[in-house]
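The following blocks contain the structures, represented as structure tokens.
Two complexes come next, and they have one chain in common, chain A, joined by chain B in the first and chain C in the second.
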Partner chain A sequence: MTALLVTLRKDFLLQWRGRAQVVAIFAFGASALLLFSFAIGPDSLALQQHAAGFLWLGLLLASTLSLAESFECEMEEQALEGLLLLPASARALYYGKAIANWAQLALLGCALVPIMVVLYDAGTLRLLALFGVIVLGTAGLSAPGTLYAAMTSQIRGRQTLLPLLLFPLVVPVLLAAVKATSLLILGDPMGQVRPWATLLAAFAVIHWALGGLLFDRVVED
Partner chain B sequence: MIAVAAAGVSRRYGRRWALSGVGFEVPAGALVMVTGRNGSGKTTLLRVLATALRPDLGSVSIHGHDVSREREQARRLTALLGHRTHLYEPLTALENMAVAARFLGTDASRPVLLERLDEVGLGDRADDLVQTFSAGMRQRLSLARALQQDARVLLLDEPYGHLDPPGFSMVDGLLQRLRRNGATVLMATHLVARGRGLCDRALVLDAGHLIYAGPVSGMPASQSDEAGLAEGS
Partner chain C sequence: MTKTSAQSRTPQALIAAGIALLLAGSFWGLFKAPGEIFMGDVQRIMYVHVPTAWNAMLALTFAFVCAVAFLITNAWKWDNRLEAAMEMGVVLSLLLCMQGAIWAKPTWGIWWDWDPRLTTTAVMVFAFGGILALRNAVDDPVKRAVWSSVACIVAFADVPIVYFSVKWWNSLHQAQSTPATVSKAFHWPLRINAFGILFLWAGLVALRTRVAAFRLRGELAPPPPQAKAERDVSAPGGAP
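Let's turn to the complex of A and B:
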């Protein structure tokens, strides 16, 4: 537990030092939402119907930048290896990094909501539920994303490889998150948000458990 | 007592064997120079001993702990100063030291860490970001971080690299202190003349093969000259 807290402290400090990059990633996500809205055109009904999908696509695209960036300073001077040799627990290092990435992605998702509301005229009064879906969905992205970002961080062409590996794996998360968000925006007369949110939670639990088990195989020689 | 024992250690990168059947023993408290031409396997050997790399063949033990089967115990006994500094560039010198101290469970208070940084001449740059440091300053900080582990076996890969003449003296002083404290040190270096003056034993590698292991006094001078290892060559 102490190792996890130490890792978290280190990762949040690194994120704070790299906050300019976080702003750039937010700008990237917002630009993606803007461009998607151009693709739909001025049809307000169509914009509303596609808002949830585009929010999650924007978040997914931005997440690949954010996840890859989180391992840049770990690999630059082999700082991660330095911690493993201390020895620090690989599992604690994984969960610390994954929680920090989760927090960053969840904040990014919440920050993109007002952009979505303005561009797609797609608001909801169930804000808490919407943020809950974002928290669950980003948990499902950050756990496998952190694992794959570690796996590809030392490979040439990692910017291409990370999405190639990550996107197929998170399709179920994306589908459930889009469906739950869409129901919150367009109305949920049948009360279907809860089952989709449960599905998101189930995916997150599986990915977080697998990530913790596999991380040391990824980072150790 | 044997601090480091290697038997038939081989390691390859792709199809090229970087180490081939390397075997030796180092008694506790010894100061060992590891030398050889560029690409002879010095760095690979130290990384295998530090458990950063697994040997493809053979075995290594650190104070009786097998590095493959008892990796964590072996890691607690070793510290590696490598070619890469193991530092976080966006953090300050002090923050880097504090991160390592917290993982080690040692005192991470500012005065203690400042004292450690003073040892390597970085006390006045404690709050500067590592990304603003020169290569020599990074080397000093990396050395301070390695020493922070108070390990029984220190693996120093080119500890004089990037350092200025006062830095050379600082490393010499630290090595003498480590010897007095009973630590075992394996130091990869091309500075053979300096190593001869400081070390008790030598390991000479050539193309991944160990071609000499023994007292530094018995190390054939012609061998080092032939290998192009003499200082300044």
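Let's turn to the complex of A and C:
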């Protein structure tokens, strides 16, 4: 537990030091949201209906940048090998990294919401529920994303491989998160947000468990 | 790998048996079996489509078993089998999507539909195809084997979640065809083709495993001294 807290502190410190990069990733997500509207055209009703999908696609695209970045710095000067020599389990390293990535992605998601509201006129008053969906959805993105980023950061062609591996895997996250967010924006007369949120939670639990189980084999030498 | 297993003719025999069964089953399905009442001859694609679906799932399940076995035993033979089975699973899933599209156009009037099984198959093609790309990008055989096993387990665990999430999302596909849902007149061609495809892929996977084992032996062996001498000679400044 102490090891987890220490690695968590290390990863948050790393993110704080690289905050300029985080701002750049946010700008990337925001510009993606801007570009999506050009694919639909200036039809405000259609834009509002697709707003949730655009938000999550923007977040997904931005997440590959932030996930890749999180392991990039561990590759410099063979920092990862140094970490593995410490008396901390690989599992603690994984959960530290994954929680830090989760926090960053959730923050990014929340920061993109106002952009979505302004561009697509797609707001909701159920802000707490929207925050919950973002937290659950980004949990599902960060667990497998951290596992795959640990692999792809060590090889050539990493920019292509991370999305190639991650995107098909997180189809359920994209689907459930878009559906839940969309229901929050457009109205939810049947109370369907909860089952979709449950699906997001189930996905996250399975992948957080799998990641912790398999990570020490990924980084072993 | 022992010499006897490398020279065994079992895979070739399996492939020959598979092709023979496929020919027999397809002949039966195309010419002997009665046409379906509503769909007519279009329905006859079922005799390859449904067996392909069973076998694609079987090949990917075998790949998953290989991945788990490799992580437990660390034996190279499981990595070789994983590579072969995963390639076969991707090829069969891709064939499945194409056959489905060919059948869907005249029947539903559209090439593609966002049905749970169709979508899950497409997602599987990309998920496992991505792992093949990962294997291709890693030079270190140990890392390649461990990482692709890990990725295979994660992707396989994801398949049911993808299926159920898409099922909640949208549905149109008819219930899957099993001997229980299909008229008795259609049983035999289906069964024969199922075993035909099974034998065919089992034989091909066995051969592909051998290829992987040969490549691995080259990667794990130290470079032969002769090759080094040749490099030195052809290096600039060496003897002409």
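Quick notes
Just so we're on the same page, the second predicted complex is superposed on the first by the 221 of 221 C-alpha atoms of A that agree within 3 Å, B and C clash if a C-alpha of one lies under 4 Å from a C-alpha of the other, contacts with A are read in each partner's own complex, and residues count from 1 in each chain.
Here, a residue touches a chain if its C-beta (ideal position, glycine included) is under 8 Å from a C-beta of that chain, and two chains touch if they have at least 3 such contacts.
The shown structure was predicted, so the numbers you read here are calculated from the model rather than taken from an experiment.
Look at A:T2: by the touch rule set out above, it reaches chain B but stays clear of chain C.
Look at A:L85: by the touch rule set out above, it reaches chain B but stays clear of chain C.
Counting the residues of chain A that each partner touches, chain B and chain C differ, and the larger count belongs to C. When the two complexes are overlaid on their common chain A, residue A:Q159 makes contact with neither chain B nor chain C.
After overlaying the two complexes on the shared chain, residue contacts for A:H207 are found with chain C alone; chain B is out of touch. By the touch criterion defined above, A:S44 lies against neither chain B nor chain C after alignment on the C-alpha atoms of chain A.
Contacts of A:L169 after superposition on the shared chain: chain C is touched, whereas chain B is not. Touch criterion met: A:C73 reaches chain B, while chain C stays clear of it.
Across the interface of their complex, chain A is touched by residues 71, 119, 123-124, 126-127, 130-131, 133-134, 137-138, 143, 146-147, 149-151, 153-155, 157-158, 161-162, 164-166, 168-169 of chain C. Contact residues of chain B toward chain A in the complex are 50-54, 71-72, 75-76, 78-80, 82, 84-91, 95, 99-100, 102-105, 138, 145, 149. The touching residues of chain A, when paired with chain B in their complex, are 2-3, 6, 9-10, 13-14, 17-18, 73, 76-79, 81-88, 221. The part of chain A that touches chain C in the complex is made up of residues 144, 147-148, 151-152, 154-157, 160-161, 164-165, 167-169, 171-172, 175-176, 179, 195, 199, 202-203, 206-207, 210-211, 214, 217-218, 220.
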